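Both complexes shown next keep subunit A, but they swap its partner, so subunit B is in the first and subunit C is in the second.
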Partner chain A sequence: MILLWTSLVLMIFSGGLSLFRRHPSSPRWSVAGLVTACLIGIVPAVHSLWTGASSETRLPWNIPGGACHLGIDPLTAFFLIPIFLLSSLAAVYGLEYLQGKQPVSWFFYGLLVAAMVVTVSARNGILFLMGWEIMTLSSFFLVTAEHEKREARQAGWTYLVAAHIGTAFLLVLFLLLSRSSGSMDFDSFKGLSPSETAPAWLLFVCAVIGFGTKAGFMPLHIWLPEAHPAAPSHVSAVMSGVMIKTGIYGLLRFLFYLGAPSPWWGWTFIGIGLTSGVIGVLFALAQHDLKRLLAYHSVENIGIIALGMGVGFLGLSGGSTPLAVLGFGGAVLHVLNHALFKGLLFLGAGAVLHSTHTKDIDHLGGLLKKMPWTGISFLVGAVAISGLPPFNGFISEFMIYLGCFKGLSPVHPSTGPLIAAMTGLALIGGLAAACFSKAFGIVFLGEPRSAHAAGAHEVGMPMKFPMMFLAGGCLLIGIFPTLALRAIKHPLAQLIPNLAVTLNDDLSMAERALSMISWSAGALIGLILLFALGYRLFWRGRRGGSAPTWDCGYAFPSARMQYTASSFAQPLTDLFSPLLRSEQIGSPGKDLFPKDSHLVTETPDVFWKEFYRPVLHRIQNLLARGRILQHGRLQLYVFYIVITLIAVFLLEMRNP
Partner chain B sequence: MTIDILWILFIVSNFFLLGSSRLHTYIRVISLQGFLLSVLPWFSEGPVSGHIVAMSLINGSTKGILFPWLLSQAIRRAEVRREIEPFIGYGSSLFIGLLGLLTSFWIGNRLIPPTATSVFTAAMALFTLFVGLFLIMSRRKAITQALGYLVMENGISILGMALLQHDPVVVELGILLDAFAAIFVMGIIMFHINQEFDHMDTDRLNQLKD
Partner chain C sequence: MNPSSLLCLLAAWTLSPLLLGIINRTKAVFAGRRGSPLLQPYHDLLKLFRKDLVISRTTTWVFVAGPLAGCAILGMSTFLIPFGGSPSILRFSGDMILFAYLLGLARFMTVLAALDTGSSFEGMGASREVQFSALAEPTLFLALAGLTLSTGELSLSGLFSANSTLHRGGMAVPLALIAVALFILFLAENARIPVDDPNTHLELTMIHEVMVLDHSGPLLGLIQYGAALKLWVLGAILWNTLWPFSTGHNGADAGIALVGMMGLAVGVGVVESVMARLRLLRVPALLTGAGALALISLIFIARL
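Let's turn to the complex of A and B:
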């Protein structure tokens, strides 16, 4: 525990360094401090995850209901490791990415990482909420780092409002939980019977809305596609990779305080997962902004995690161990995997943005030749996120599939949701693969579509290394699933203690299946590499020429004639157009002899357009009537105070 | 019995404030209230202790002498003499003051149990508070509002005495510090308002709202 404290203090200190030392080298010191802090902090986390040991410390603290009570147990440790890992890598990356601009942002960065650590290791409600709020606020300042841009400010506000609506629900949740014991300590939440506090469904709804807003469950996700593109890329990586996972952490920790789960919890989660997953990936498919596309993929992956949790809850409520183990196991493992590959993808998108100064996919192209390392890493991330072997995304998704198959039986009532989960997962996986063949294909393959892309260059070592490291991590988990299953064993045993007896059997069953597939996939890749090598050797010395693509006899092909992001995705977006409601400006030429024509497609968020915007407008119009009270006359303001005062006096007199 | 004379003086001074238009009169009356306030602690229960003397001295010197002096300085610099065109005329102000006095008596004793020293403490506190707030509400000049604020602070001081009989020093000092800072700031602001706009009618400041 002392290591965790050291790490926290060092983190805030080294972040704060950038506030006081206005020197060009000060970000370097901040980053060095941050990385050291992360390395220190990761030690107790790994220890706890490996041995299953837990420890905690309390410090005296004078806050009503609060206690400075931090602890590490396997579940915390499992979330701590990606936090430390991704944050330190992203910090190194950010050093080159920011190029010494916005030195103050390192203060907020340090604060954000420290707040995430506090959030997942807090053992007291007040401390948790404080960590949660600091996390929100520091990331708000990071999102609005480029506050001179209007979209960044807009995104910041959307994020802030959404986050606070979530926190409001969490506050209610904690107050309800502490109602019977009067203590905000998590220890006192254990073994509460819902009858003492509040109906379980109420607590469940509060938790799902409160934590789901941060995690990005579908109707609550609207801040994600705004905030992620606006933030600097290394911050987007941290926010998408680990910060939104604190919502999942919260769900995993608090839902287990609510007593035995009912089947409808599982159905709810599967419903949320299907909505978030399918609609998230569809909207990703329709985007042109690379980072916005990735943000929608975060929603999709959160959906996959929710699916896993839904399967797990179905298993718990039905008393089926394999279902619970594989469901929760897949969900928890996907948290780690998503941190790895989504961190990698955002860093890759950032490298593209850094080098070409645009995130519009339609202005890019042909980058693989100019930025080979970035391209290869991005490809690894893309394959991993599509859930294909031999990378890590496959492992966690496969566990959820496996869980669903285990739970199938013609008589069991949960068969319907399980089939829905399975088909949904398959649809999500297919669409994700389509989306990333679009993203990778348009950005990295073909010819440059603009001068920006033509002038691209490979990024430096501080940016390359984190990407390669994360790509290595994706491959490592993919090839050695045993390692990952070992890592989730203790957290799972902690989540479902009464089912722990058969835990090992279930996991080893999953392991056998997984390693077989992974090894065969690895062997396939090895074969391809071998073939490529042989091909190279064979062709060495015999030069083939390079010529332009055959253009059906057209005399003047240009780079603008390639597939664009919209045209590549069109078959799929057309299929789902009732859902996506893309807006099309201009029209493609229809005459036999084409004239000048232009076409722009936009796909704004359907929930924002159809639900939030009208509702918020209503509310605003309603509240605008109250503005007559704000007239700027001091005398009348004082009059309000007097009226209130007298009313309070009278009220006080009425009740003796 | 003697304390009732103090209360009568308080009531009269409050009505004086409501009915007069000359700023210098305001300041003199407020100075008088400050002195009255400094005498009040002598009537509290128990033997005369060190802190009563100290409080009396501090109250007298600040509210009786320092604040009025600061305010008359401000008036001189701002070159205003009278409160003209109040929102509520002097006659109506007096009448509303009367209603306020009645309400204060009615509420005061029900809300706060009468102290051993006097049954009127709470009522007086509420009345002074009310007059202060009413001055802020009904007058136009920034300086009158600062004066109203001071009167309100006096009311709060009396209330502190009524509620916390035994150890009011901390509260008292807090209020004094508050009032001091407020007067200081207001003096500066009034000066600047005057410089900037050539008047200090606060009702025209509403153009500054967002």
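Let's turn to the complex of A and C:
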């Protein structure tokens, strides 16, 4: 525990360095401190995850209801490891990415990482909410780091409002939970019977809305596609890779305080998962902004995690242990996997932005030649996020699929939702592959579509190394999934303690399948290398010269003639147009000899456009009526105060 | 390792191009031509492997990696397919998921290789390919779910083994529905009429052929061999569903399965001769229709 405290203090201190020392080298010192802090903090986390041990400390703290009570148990440790890992890698990356600009942002960065650590290791409601709030505020300042841009300010406000609506629900949740015991300590929540506090459904709904807003469940996701593109890329990586996962952590920790799960929890989570997953990936497909596309993919992946949790809850409520183990196992593992590949992809997108100064996919192209290392890392991330072997995304999706297949039985009522989950997962997988063949294919392959892309250059070592490290992590879990299974064993045992007896049997069933996958992945890579060797030995020398790409004999091919991201995605976006409601501005030429014509398609978030905007407008109009009271005359304000005081006085007089 | 499994694997590697020859011969017979020899695909492959390569200046290593990895991945998928009653060499709970995703990976590599040329034709083909495959994927899983639901088996070899309950009474209707769904997938995934036409060389109407327009020589050979392997593995799954019986004798079962595969090839040839290709806009309806059939069979099975 002492290591965790050291790490926290060092983290805040090294972030704070950048506030006081306005020296060009001060960001370097901050980053060095942050990385050291993360390395120190990861030690107790790994220890707890490996041995299943848990420890905690209490410090005196005189806030009513609060206690400075931090602890590490396997579930916390499982979330701490990606936080430390991705934050330190992203900090190294950010050093080159920011090029010494915005030194103050390192203060907020240190605060953000420390707040995430506190959030997942807090053992007291007040401390948890404080960590949660600092996490929101520090990331707000990071999102609005480029506050001279209008969209960054707008994104910041959207994020702040959405986050606080979520926090409001959490506050209600904690107050209800502490109602019977009067204590905000998590220990006192254990073994509560719902009848003492509030109906379980109410607590469940509060938790799902409160934590779901942070995690990005559809339709609470609207801040994600605004905030992620606006933030600096290393911050987007941390926010998308680990910060939104604190929402999943909250669900996993608190839903188990609510007593035995009922089947409709499973149905709800599968419903949320299908909506977030399918609609998230469809919106991703329709985007032109690389970082916005990735942000929608976060919604999609949170959907996959929710699907896994839904399968797990169905298993728990139906008494089917393999279903619970595989569902929760897949969901928990996907948290780690998503941190790896989404972190990697955001860093990759940042490298592209850094080098070409644009994130519009339709202006890019041919970057693989200029940025080979960024390109291959991004490719690894793209294959992994599409859930394809031999990378890590496949492993967690495989566990969820296997859970679904395992739970199929003609008489059981959960067969329907399981089939829905499985089919949805297949559709999500196919659409994600479509989306990432677009993202990688249009950005990195072909010819440069603009001068920006033509002038690209490879980024430096501090930016390359984190991407390659994360790509290595994706491959490692893909080839040795049994290692990952060991990592999730203790968290699972903690989540479903009454299943601990059969946990080992169920896990060994999964382990047998995963070890075969391990062999298959090895064999696959071996086979591909064999083919590559054969090509090198026999055919490479027989290249009969090079030629331009064949264009039906057209004499002047130009880069503008290539397929664009929009045209690539068009068949699918057309197919789902009732859902997407893309907007077209301008029209393609109509006459026999069309003169200059232009066409812009945009796909703004349908929930924002059709639901939030009208509702918020209505609220604003309603509140505007209150403006008569507010006219800037000081005397009148003093008058209000006097009237209020008299009113309070009279009230007190009436009931002594 | 079972020796008959090994023999079946060898059969997949050596006999798969023969299926293409049978399809072409069937089409020729329908058209009243004599047609090319049955072994013509082998000659084509050998010829391609002896040729030189021409590679576009736009491309990177991805262009070469596409066919190499694609063929290796499809080769890998043959290890997962049971054939003629013999179990596959690699078999475990959930191997059908790996199988489906291996096909997905091979497709991903082909699409990237196509985009690497920077040609709009290839981009168009790639775009159509990802659209149709995204719709085909759920159908495949629905069909697999139907097979699992009726037997309780979690691996392809278990599903199609002699003691699987796939051929118990009352299963005829749902199995037939699943088989129809799988047949539509089989045609779609292998770029056959009514989804795609392997014969026309008009880029604007094609999917698979247009994606490989710029590949030449040995790389094109690898693509064609990979396509033959894909025809084989998907055909084997379809045949196993159509014929879930066992005579109890390994050799006889394998023989029946071989004849069945050739029958499937003839069937593809017949479909190609009597049907026209669908309009591209109608293909999604066909694929979701296949999914609906699989779903109906699921409901049947759950009722049984």
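The criterion applied here is as follows: the second predicted complex is superposed on the first by the 641 of 656 C-alpha atoms of A that agree within 3 Å, B and C clash if a C-alpha of one lies under 4 Å from a C-alpha of the other, contacts with A are read in each partner's own complex, and residues count from 1 in each chain.
The working rule: a residue touches a chain if its C-beta (ideal position, glycine included) is under 8 Å from a C-beta of that chain, and two chains touch if they have at least 3 such contacts.
Computed from a predicted model, the values in this text were never measured in an experiment.
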Margin query: Please determine, from the superposition on subunit A, whether subunit B and subunit C clash or fit.
Written below: fit
Notebook entry, point to check: After superposition on the shared chain, which partner residues are touched by A:191: those of subunit B (first), subunit C (second), both, or neither?
Noted result: neither
Next item on the list: Answer with first, second, both or neither: which of subunit B and subunit C does A:642 touch in the superposed model?
Entry: first
Notebook entry, point to check: Does subunit C touch more residues of subunit A than subunit B does, or is it the other way round?
Noted result: C
Notebook entry, point to check: Thinking of the overlay built on chain A, is A:545 touched by subunit B (first), by subunit C (second), by both, or by neither?
Noted result: second
Check: Who does A:632 touch here: subunit B (first), subunit C (second), both, or neither?
Finding: first
Check: Mind checking the angle subunit B, subunit A, subunit C on Cα centres after superposing, to the nearest 10 degrees?
Finding: 160
Note to self: Per the contact definition in the header, classify A:653: touching subunit B only (first), subunit C only (second), both, or neither.
What the structure shows: first
Notebook entry, point to check: How far apart, in Å, are the nearest Cα atoms of subunit B and subunit C after the overlay?
Noted result: 53
Notebook entry, point to check: Considering the complex alone, what residue numbers of subunit A touch subunit C?
Noted result: 365-366, 368-369, 379, 383, 386-389, 394, 398, 401-402, 404-406, 408-410, 415, 419, 422-427, 429-431, 433-434, 437-438, 440-442, 445-447, 509, 512-513, 516-517, 519-520, 523-524, 527-528, 530-532, 535, 538-539, 542-552, 559, 561-563, 567-572, 575
Item checked: Complex contacts: residues of subunit A adjacent to subunit B -> 630-636, 638-639, 641-642, 645-646, 649-650, 652-653
Margin query: Using the touch definition from the top, list the residues of subunit B that touch subunit A in their complex.
Written below: 87, 103, 107, 110-111, 130, 133-134, 136-139, 145, 202-203, 205-209
Margin query: Help me check something: in the complex, which residues belonging to subunit C touch subunit A?
Written below: 51-60, 62, 64-65, 68-69, 71-73, 75-76, 79, 90, 92-95, 97-98, 100-102, 104-105, 107-108, 111-112, 115-124, 126-128, 130-131, 133-138, 140-142, 144-145, 148-150, 152, 154, 203, 213-214, 217-219, 222, 284, 291, 298, 301-304
